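Data block below; observations after.
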Amino acid sequence: MLTTLTAVGIMMGLGLFFGIGLAVAHRFLHVEEDPRLDLVEENLPGSNCGACGEAGCRAFAESLVSGINAPSKCTVSDPDTIESIAAFLGVDAGAQEKQVARLYCAGGISQARQIAEYEGYASCRAAHLVGGGGKGCAWGCLGLADCMTACTFDAIHMNHDRLPVVHVDKCTACGDCVDACPRDLFECLPVSHKLIVQCRAPLEGDAARAVCQVTCDACGRCAQDAAPGLITMRNNLPVVDYAAGGPALPEATFRCPTGAIQWVEHGQFEHEDLPVALTGVHIE
Amino acid sequence: MADSGSSNPLMLGSQQQAGGGSVDPDRMYREFAKGIWKENPVFVQVLGMCPMLAVTNSAINAVAMGAATAFVLVFSSIFVSLLRSFIPKQVRISTYIIIIATFVTVADMALKAAFPVVHKDLGAFISLIVVNCIILGRQEAFASRNRPLYAVADAIGMSIGFAFALLCLGATREILGSGTLFKYPIMGSNFQPWVIMILPPGGFLMLGMILLVFNWAGQTRAKRRHRADGEANAGGEVGSAS
Amino acid sequence: MIMRDLIWIFVGACLINNFTLSYFLGICPFMGVSSRISTAFRLGLATIFVMVITSLCASFLNAFILPHAPYLQVISFIVVIASTVQFVEMVIKKLSPALFRALGIFLPLITTNCAILALALFQTSKEYTLIQGLAFALGAGSGFTLALVLMAGLREELELSTIPGVIKGTALNMIIAGLLSLAFMGFAGLFSGAA
Amino acid sequence: MTTTAVTSGGVVIQPASFRHGIHPDEHKERTEHLEVERLPFVSSYILPLSQHLGAPCRAVVTAGQSVTRGQMIAEPGGFVSPTLHSPVAGRVANVGSHRHPNGSMVQAIEIKADPFDDQTIHGPAGSTLKDWYDLSTDDFIARVQQSGLVGMGGAAFPTHVKYKLPDGKRCERLVINGCECEPYLTCDHRLMVEQPDAVVQGACMVATKLNADQVVIGVELNKLDAIVALEEACDRYRDQATQAGRPIAFDLAVMPLKVKYPQGAEKMLIKALFGEEVPAGKLPLDLNIVVNNVGSMAAISDYFLRSQPVIERLLTVSGSGVIRPANLLVPIGTPVREVLQHCGLRTDTRQVIMGGPMMGQPLASLDVPVLKGTSGLLAFTEREVVHSSEYACVRCGRCLEACGNFLNPSRLARLARVGRLDELNGVHIMDCVECGACTFTCPSGIPIVHLIRAAKSAIRARQAKERRNETKK
Amino acid sequence: MPPLAPNDPSRPTVSSPSSSGGGSPPPSPELLLKAGPFLRKGVTTPRLMVDVILGLGPVVLAAIYFFGLSAILIILAATAGAAFTEFILPPGGQPRGRSLKDGSAVLTGILMGLCLPPAIPMWMAFLGGAAGIGLGKLAFGGLGQNLFNPALVGRAFLQAAFPQAITTWSSQGTVAEFSTIRPSNFALPFMQPPPPVDTITTATPLGMFKFEGQAESLNNLLVGNTAGSLGETCAILILICGLILAIRRTFDWRIPLSILATVGIFSLILWLLNGERFATPLHMLTSGGLLFGAVYMATDPVTSPIAPRGTIVFGIGIGLLVVLIRNWGGLPEGVMYAILLMNAATPLIERVGQPRAFGRTEGGKAVAS
């Protein structure tokens, strides 16, 4: 009986002492911090991709709590999460249209001419520095998969033509591939922008067709066929301005002699992937 | 934030607040089975490494530790689950620890009374069950959010998973390190024991090896499944691109 | 003589019976927070700090309370240590935000580290005096820091390597820890002849 | 190996050098004794508007227009940009995209040579230039820009920019770089042997105009004949200047240097000559030093004394892929194919390098032109191509001992391979001059300098993006 | 023809395209684009490994001379263990057997064999080689990525696993003929070796000194006429081989030099303080595995710091630990542990050992002009 009393007594004593001590300390030593911050951060994807323009998810959470950014700036989270964060913070989610990375080149190894053989470190950026990597087209995709390596979301795989296939569902438009490409061939576009010019070579006529089968040879037919003002030829390349012209329709691509401009409903290149193990090897 | 039990009012989807209703035997089984293999606390979640390494120099110690942990885990899960709507959120961790510590003390005393030799071998590690992350982790992640029956199923499953891992490591280390299993010589009289296995480095190295085998098995399985899936899922979830 | 005894306790806890590499204590932070040298070092410092507090608490409990109720050892250690550390955390947060950012974020993590409770238990079972207990705490903390920083250095190096996918992660960390532990066996019996 | 000490004017001099560095095989024996010959004119020339560092030139001619040899065809596109002259009399065929030796496509002027022209140079009026002595410094700099001069050593940085000294800086020491430390190349060597007076004359012009206290011509000891020739030329110039009543007001000396690569890198050269280190990220001007190549000096002399702008340059053609290696005087813009074919290009040539074997770049196509900065063309057959098989880095430390910048190339390469750009900045990747000494010496055959180049390119791309974001905000 | 003459009368005229090539131009070759530099020194990594193996040759011969056929058996067993493991578990998805070609596995095996006692069962030597390569190298992804010296990992593994067998030293020289094979070499796999009855066991010089206070004569230590591991006994031979390798720049001379200097100075101080308790510096330097470890083990480039200053810190660290463990530790010998511990510290040393970059201060800032 005495033991029980001692035990109870000691535990109560300790409990009371430290409980009161901590309560008092909490009162006097408390440092104010927005409690919503942690909660919001917990719901962000935590991939720290930077697509929102902030330095990581924590910084983005801070900007959300202080109302600087709208939740929809996060392109990685699914709409439900965005909606629930917005509801929690009592703000508007903001308009968000899904964006996806598009490639301005369709000249894989079977379409674009290789003028010299590249041997060495298998990276586009490295190859680009060695005489342009041996690809005849100085603007086109080198096919050594820097974008695939850079993609944190496993959304890019190389196909048999050594072109990067972007998995539209997985792509979060974080922009890592845009930065990784030494030839600046990626751009994140809203999925509703379906007229994609798959060429960046500012060449014309025969000079253009000499380097690649699917190059834009600047014939200008797409600009004629599209709604007035939608497509303009600039620097020997068609530029699509959705804000300026009428409705974008697939008709603009019908008379393209090379297939450089495409009406892309979903993914850009619907080819079978290379096995993952093969994508990093040197090209022969 | 009066919403007790949930750590985050924003938490989506995963919430399984058991209201009234009857006990679902299927779910009981699922909660029980997951801890043994699919969410094995040691091999998959990599928790509870301290006792895992410290007491596995013989199979007997491993079993004793497994049993003691199971006892503590099951009973604290029941208590936490029963009290889950009464424990205020701010002091929940402290409360869990006190509940766990109580059962640890009970286990410690019971072991000391029943098997003094084993208790001596395990030393302070029985007391250290208090800070085994598996136990606190299950309270926080499961028992505090589910009805006692599920909590018990979960606790038993996890305990078995943990004990299984302990036994794997303990048996291997004992066989190689002393040539015996449960003190019974199985390697012949002339066997040269590998002393390293009952020393600390052996524990680390052997656990590393077991995890390696586990990873390798998982990867081979994933690869086979990937191959079977064919093109439909091409480029999907292969373990690594090396 | 006392000095020598203290050094022996310190070296014993730091090198010979390193808490992490020989007793497997604090494996969770050892595996979890050892990917950057700077973080590892700060965690190590915070651990030394908490260990010293723990040692003081344990000495206090051993002297005044536990003789009356030895069966309350585990539970009272836990309660007292956790409360004290939380209290200290609040103080630091209030007084020095810089120090808090450097060390404070680790404090709650350390409290539930088994090395802390083990320190108190070992100290009790070895019947150390207050001063000996402090030497023991410092030794154990330094040993943990040493192991942690070495591990972090090795892991930073590994990040530049191409490790086979099967072994990457915990499995490899365990093997590294095993090899470290193997190397630490060289300290076995250090100073025992001289003491 | 060459001697470690040399007698100069009867005094034994311990040749100076910098620490670290490498000693590659020289391979100069095939061409170092060959006199310079002139490449016959060919039918068509391509002149990229951007063959130097800095802003591209702006074309001032249009297709169909006829031009004379030495006529300005493109004006500077900014201050850091030289003038471009036609290397040949003929007709402008086209102004459009053409392949640059670095693999990109750039704007270029294509000129068809006129086979019936006598190819007299129609540069700026000679009389106005003759008396360079009376020009003001600013006029002198403007004239240098008009001459179209860029660094002839290979980097092709517009020379006049180096002479435009910012406030608070002056050119105390003018260093003339005659190291030619790249293996195979011998064109600077031949220039110093055959035209020492032009080199000294040009150097003295610059020194006079920039008020230098000291002119040092650094030459490696494997070019003893050049050292002797230059010393004689210096003596001649001193006498001439005194006779003309314009005695030189600066020290003029030739400094023999130990044979070592990359001694021709300007920071290494300064370290070798004066024992001083140029601060990282700064220019030699920070130490009040201006460094010029011997070729640039000869070009300055040619411009002011003979009214010939930079329309042709000396280059070495060598390697197993050509039958008759040579030191050639080649008009700028000559297609590489024509130059190589003149020297007997072998059909089994596998690799063609523009520049030296250490820092030059491989060509993807022979239809690219010789540029102002082209110091050599090397054609290699399969036998001479390096195919080193790659092993893991064993951290042997040879690259550290090769690196004149005292970096840790092994670590740079490892970090670069995993793309750790922030850490790369911490280990001073931007200090790397890409001399390739580390890769030369690596027993594991790791393309260290290539990895570093790629990482530097990625860092630059990221910085450019950050700057864009800044301006957007 | 003076090339730069301004108004040369023999001014060249434009040659027509047909005359320049003589007939049709040769076809454009398929050019190779490969990053420069386009010259290489020609020393390769396998070559370095072979260099070290050759440098070990005299030591192996000495081991055979001193310990007879047992030495051959053990070295072969250890090498086979290392090579076999490397063969069946190729690192990084390479084809099986390719990584053997760089010679590093064989080198590890030989080193491993040379630091074993002559009477150890062959299966243990094999296991040691396998553990060294498996745990010490392949686990980290193969050559160049290992953090610990694989040979020493194998040795330490054996030391911890079979402390009895690995510290049973049989004496050499006059007792054992060349053809004598120690029966314990042939213990069945996983079985205990028979108790050493017919060969005479003895202690190493270090053990004798530590536990019995007897110092071996310097002559014997230099020549190698003592008990010990196979490769470590003959001090003179190791020094000569080390010198040759250092001159050939196969390894960084700073490491062995700083180790030996540290041990020498430290033990000299101790010896001067208490000549009874501590061994003479020369005894310290020439006995045990110090020379062998300093020359062949610590110099493993993969696991030692790369920058010159770092290598010296590394060497000093090893020297201090050796003296510490030998004099105050529970074991008579500590070279292996000292090297392994400093291997673990190598990444940390690497951070402080970087040379001052050109044009920068020690702190990495650009120097003020």
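Each chain gets a letter, A, B, C, D and E, in the order it is written, and its residues are counted from 1.
We take it that contacts are C-beta pairs under 8 Å (C-beta built on N, C-alpha and C of every residue); 3 or more make two chains touch, one makes a residue touch a chain.
Computed from a predicted model, the values in this text were never measured in an experiment.
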Hop distance check: chain D to chain E, minimum number of steps through touching chains?
1
Suppose chain centres are the mean of their C-alpha atoms. Which chain sits farthest from chain E?
A
Chain located farthest away, centre of chain D as origin (C-alpha):
B
As a quick test, compute the distance in whole Å between the mean CA positions of chain A and chain C.
44
Intercentroid distance (Cα basis), chain D paired with chain B, Å:
69
Counting in whole Å, what is the centre-to-centre distance of chain A and chain D, each centre being its mean C-alpha position?
42
Suppose each chain is reduced to the average of its Cα coordinates; what separation in Å results between chain C and chain D?
61
Considering chain B alone, which of its residues make contact with at least two other chains?
196, 199, 201-202, 205, 208, 242
Using the touch rule from the top of the page, what residues of chain E touch 2 or more other chains?
30-35, 92-93, 135, 139, 144-145, 157, 160, 350
Residues of chain D whose C-beta touches two or more other chains
361-365, 447, 450, 453
Within their complex, state which residues of chain E touch chain B.
92-93, 121, 135, 139, 157, 160-163, 165, 187, 190-193
Listed in rising order, the residues of chain D that touch chain C in the complex are 414-415, 417-418, 420
Parts of chain B lying in touch with chain C, wherever the complex brings them together:
46-47, 49-50, 52-54, 94, 97-98, 101-102, 104-105, 108-109, 124, 127-128, 130-133, 136, 196, 199-205, 207-209, 211-212, 215-216, 219, 239-240, 242
In the complex with chain E, residue positions of chain C that touch it:
37, 149-150, 153-154, 156-158, 161-164, 167, 172, 175-176, 178-180, 182-194
Touching residues on chain C, where the partner in the complex is chain D:
159-160
